[in-house]
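Chain IDs A, B, C and D follow the sequence of writing; residue 1 opens each chain.
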Amino acid sequence: MKAAVLVFPGINRERDMARTLKLVSGQAPAMVWHAETALPAGTDLVVIPGGFSYGDYLRCGAIAARSPVMDAVRAFAAKGGLVLGVCNGFQILCEAGLLPGVLMRNQQLRFICRDVYLKVERSNTPFTRGYNAGQVIRVPVAHGEGNYIADGETVARLEGEGRVLFRYCSPDGMVDPNWNHNGAINAIAGIVNERGNVLGMMPHPENHVEASIGPTDGRGLFAGLAEALAKAA
Amino acid sequence: MKARVTVTLKTGILDPQGKAIEGALRALGIEGIASVRQGKMFEIELDGTADRAKAEALLKQAADKLLANTVIENYRVDVLG
Amino acid sequence: MKARVTVTLKTGILDPQGKAIEGALRALGIEGIASVRQGKMFEIELDGTADRAKAEALLKQAADKLLANTVIENYRVDVLG
Amino acid sequence: MLPNDTPITPELVAEHGLKADEYERILKLIGRAPTLTELGIFSAMWNEHCSYKSSKVHLRGLPTKAPWVIQGPGENAGVIDIGDGLACVFKMESHNHPSYIEPYQGAATGVGGILRDVFTMGARPVACLNALSFGAPGHPKTRHLVGGVVAGIGGYGNSFGVPTVAGSVRFHARYDGNCLVNAMAVGLAHKDQIFYAAASGVGMPIVYLGSKTGRDGIHGASMASAEFGEDSEEKRPTVQVGDPFSEKLLLEACLEIMAKGCVIAIQDMGAAGLTSSATEMGAKGDLGVTLDLDKVPCREEGMTAYEMMLSESQERMLMVLKPEKEKEAEAIFRKWGLDFAIVGETTPTKRFIVKHGGQVMADLPIKELGSQAPEYKRPFVSAAKLPVIEAEDVTAPKGTAEALEILLATPDLCSKRWVWEQYDHVIGGNTVQRPGGDAAVVRVEEGPKALALTTDVTPRYCEADPFEGGKQAVAECWRNITAVGATPLAITDNLNFGNPERPEIMGQFVGCVRGIAEACKALDFPVVSGNVSLYNETNGKAILPTPSIGGVGLIADFTRSASIAFKREGEAILLVGETTGWLGQSMYLRDICGREDGAPPPVDLTEERENGDFVRALILDGTATAAHDLSDGGLLVALAEMAIASGIGATLTAAPTDIPEHAFWFGEDQARYLVTVPAAKADAVIARARETGVLAAHVGVTGGDALLIEGERPLPVARLRHQFEHWLPAYMAGEL
């Protein structure tokens, strides 16, 4: 795995992400500054980590989405390269037009940090091959604006094409408003683009990978990616 | 009846958002913008009442109590009719 | 030259913040408000140029490229002079 | 704005918060009338907040040394050695007055300020904590303050990217007019790469870094030292707005130039901004400083020297650079998009000279500005001791089960989840124990070492008996750290009191400080940093004396740390420490019996230490499977918390013999813990305790899904959890 972690001013979970990538894949990622116009040669995974790029001023992810490095990411994605955006990364991908929809203020209008449960909807993708379809995983969220919204047609397409990969649910896998902490439409926690190579998700799988610290349900995502990339290589 | 409440930062109060937007516009190659200050706008639909003065009073109350943080923000009420 | 760009949510797009404000106003005992939608306003100071049309073009560009997310938002440019 | 040569009238002096005799002192010191700018500088340096003029003599009594202390009080933050070449840097500071006026921004900038104190010393912040005191829930302002303060703390810390891992929240009518917002930051640095404020070398460039200067919080420092009156809400002083984004950039830029060896001295601009940072760098380095204000990056037009010297704009730093590294440092700051300007230089004259528009606006002796600040030995009286309340004299108005359910849903004892869920407490990936337990546990880099962090104080004890209350605050902090298995190392304190010019308030202050000193000495728990906030009163009504204690402990292997949750069914629950059934000043007495009186529980520091050492050993050798210290609410509340945290119930076998039942379950005797151990080991543990002179008794067995107390209806854990969790969210939603 040759991952590149993008670093925008105000991003703050890049260290968490880099540590996890190294831990799970054995290889430290390249840290790529937002002003770069090209990705390191041989990059096979681009990760946009969480944080508050540009303070999340204006709209979450809006300013970062227009950085020079995003043109390189767009080109990379267009060639089928794998892109993972987590939390602010998801917001940036939406703002950059690489994913549809938008992340609005949480329904409660409060920042929420807690462990949530996610239903993995499909396992036949490079992002979720480390899980079984229908599996429930526990990972933390930490965001104020994670309430996914798109117009009805878009949501229908996302659902119809099986592009919702993660959904907030109860510990036993029921989709239930009580377990949808931010009010996202259809309890959507993570989606992929049409081609299936760009994933955006609000929760932080990178914070649940070490048994000594807590649950390890986030590992599957990174382990699956590493496997998928090894197979492709 | 329709109305609009606009909320702006008082002069002298730091506007980190505006500052970041200025920087971003410059980085996007949009030249000629000296400064940006960000405010909020609320488009409000009022029930029934055709009484302008009453509507204004109501909106003032809403702004004072909730829509604006009057320690650092000013507001303005426009009843559009 | 001074200008203002107002950004509002397109109709049909859910506005959780506006909804929450409606609820909060009701909780505060402020009656008579049917709906609230929240938007943004940018007060912009332009360098030099006295050319209105040029200023407008510039601001449109700023709004398209950054200030508004045109997937969900509409904007409006007013050059105030 | 007045010109610099404005004649200084007594009114002007008074408006600057300086007393007539203090002004006399200025005249004597400089041999002439000050200019307006100079008067502003004196007012900033000599107010209570910066000069500690009422508290200094008493603070000298605090123990500040230990072999592991690298830097005690006197710098931006305290520094302790945590082994392997690493140091832990931490401090707590108040932002009480600003938070009352504008809760979101006040609290946010409080967090920003304390983070700056920590990274100024070369440390990367790894955790934040806070201690919050609000007015009665029914007071019309309280909900608004809670909502704003919590959002502000989260808003800043979350964006900056530091986990907020612990804290405390209380409510009491005595905070109605003055809420308390105490924020603590903890950072990690390499022991041999700590940075200090003292400048060195003559002719060295002084560099201004960070955000631009505006008219924020002018008179903020003086405001922080002024008592509130009825009109304080009308005055609406200029509020500072925090910009966590800029501060995050400032952090990265500072750490980068520190690593590149560019920095001789560094000081953040906190209260009294440019004035106190510049004079501190000069005075500590035995040097003069000349500032050229024409070079200061300003956000607003036409700022005067007076305004620039008193501005409290946030996210700014002052630095003395190695001249040969200037270009390199500037490039780093530009890369991060921050302002960088050389605004002055060090001189051999020991004068503090401020120039603006080619004119000298101030010319003052730099050392005397700090060292000659007034220092008061204010008169104080100690309040009469309150009588000890005998448990036998308190009749129980409610049954045990009912009392427990009520207590769990009181504002002070209920779950603070609503608060800490608004704080990102997992960022960094090192949070081993999240909020909700005794102390937070945060892994140090790749581990296995970890820090244990907590903030504590019981103001109602401090009010009833300042000395015992001061001791108790430190002891509880020590106990919380012990209860996770860590060794307590050092504290920072934040001493919040009313008007020190009133002898009874000064009496509270002196008593608390003496109690803190006594406990710190007995527990080897030195004070390495802190902050004093006085004049927390409105219309002559003072807050409860509130000396918040922030503690740091170390555990060699975080995988050995204990949490409060029961781990499995069928384990023995042991109570460590002596139970006398002390009801004076207990939560039970206050919230069940409606009486706020009596002497608070005394703290026996020897017992505290012995019991704590015993419990820590049980945790570290793997015998104890869960541990929880006893504090507010006593034994039964602690048991309920352990059950709620795990979902496992318990059957309580202990039958109080010589103590009334309610006093046994709810008394607040100190130096106690609950631990669980495998049933087979219980007798051996009790015997081991006896050998070391520690009291340990079997009080129950874990299991089932309810708490079973003899003679009481079963208390299902799910129901207890509901009681515990529902109050705060419901209150904040306006449903209560």
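Everything below uses one rule, namely that a residue touches a chain if its C-beta (ideal position, glycine included) is under 8 Å from a C-beta of that chain, and two chains touch if they have at least 3 such contacts.
All figures in this text were calculated on a predicted structure; none of them were measured in a lab.
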Greatest number of touching C-beta pairs links chains B-C
In whole angstrom, what separates the CA-based centres of subunit A and subunit B?
34
Provide the C-alpha centroid distance between subunit C and subunit D, rounded to the nearest whole angstrom.
41
Round to the nearest whole Å and give the separation of the Cα centres of subunit B and subunit C.
9
Please report how many Å separate the Cα centroid of subunit A from that of subunit C, as a whole number.
29
Multi-chain contacts in subunit D: which residues touch at least two other chains?
243, 245-246, 337
Shared-interface residues of subunit A (touching two or more other chains) are 54-55, 57-58, 63, 66
On subunit B, where are the residues touching two or more other chains?
16, 20-21, 24, 28, 38
Following the definition at the start, I'd like every touching pair of chains, please.
A-B, A-C, A-D, B-C, B-D
Going by the contact rule set out above, which residues of subunit C touch subunit A in the complex?
12-17, 20, 65-67, 69, 71-72
Subunit C partner contacts - residues on subunit B that touch it in the complex:
6, 8, 18, 21, 24-25, 28, 30-49, 55, 58, 61-62, 65-67
With touch defined as at the start, can you tell me which subunit D residues reach subunit A in the complex?
151, 154-155, 158-161, 243-246, 248-249, 336-337, 420-432, 443, 447, 558-559
In the complex, go through subunit A and note every residue touching subunit C.
58-59, 62-63, 66, 95, 97, 100-102, 104-109, 147, 149, 151, 183, 185
Of all residues in subunit A, which touch subunit B in the complex?
54-55, 57-58, 63, 66-67
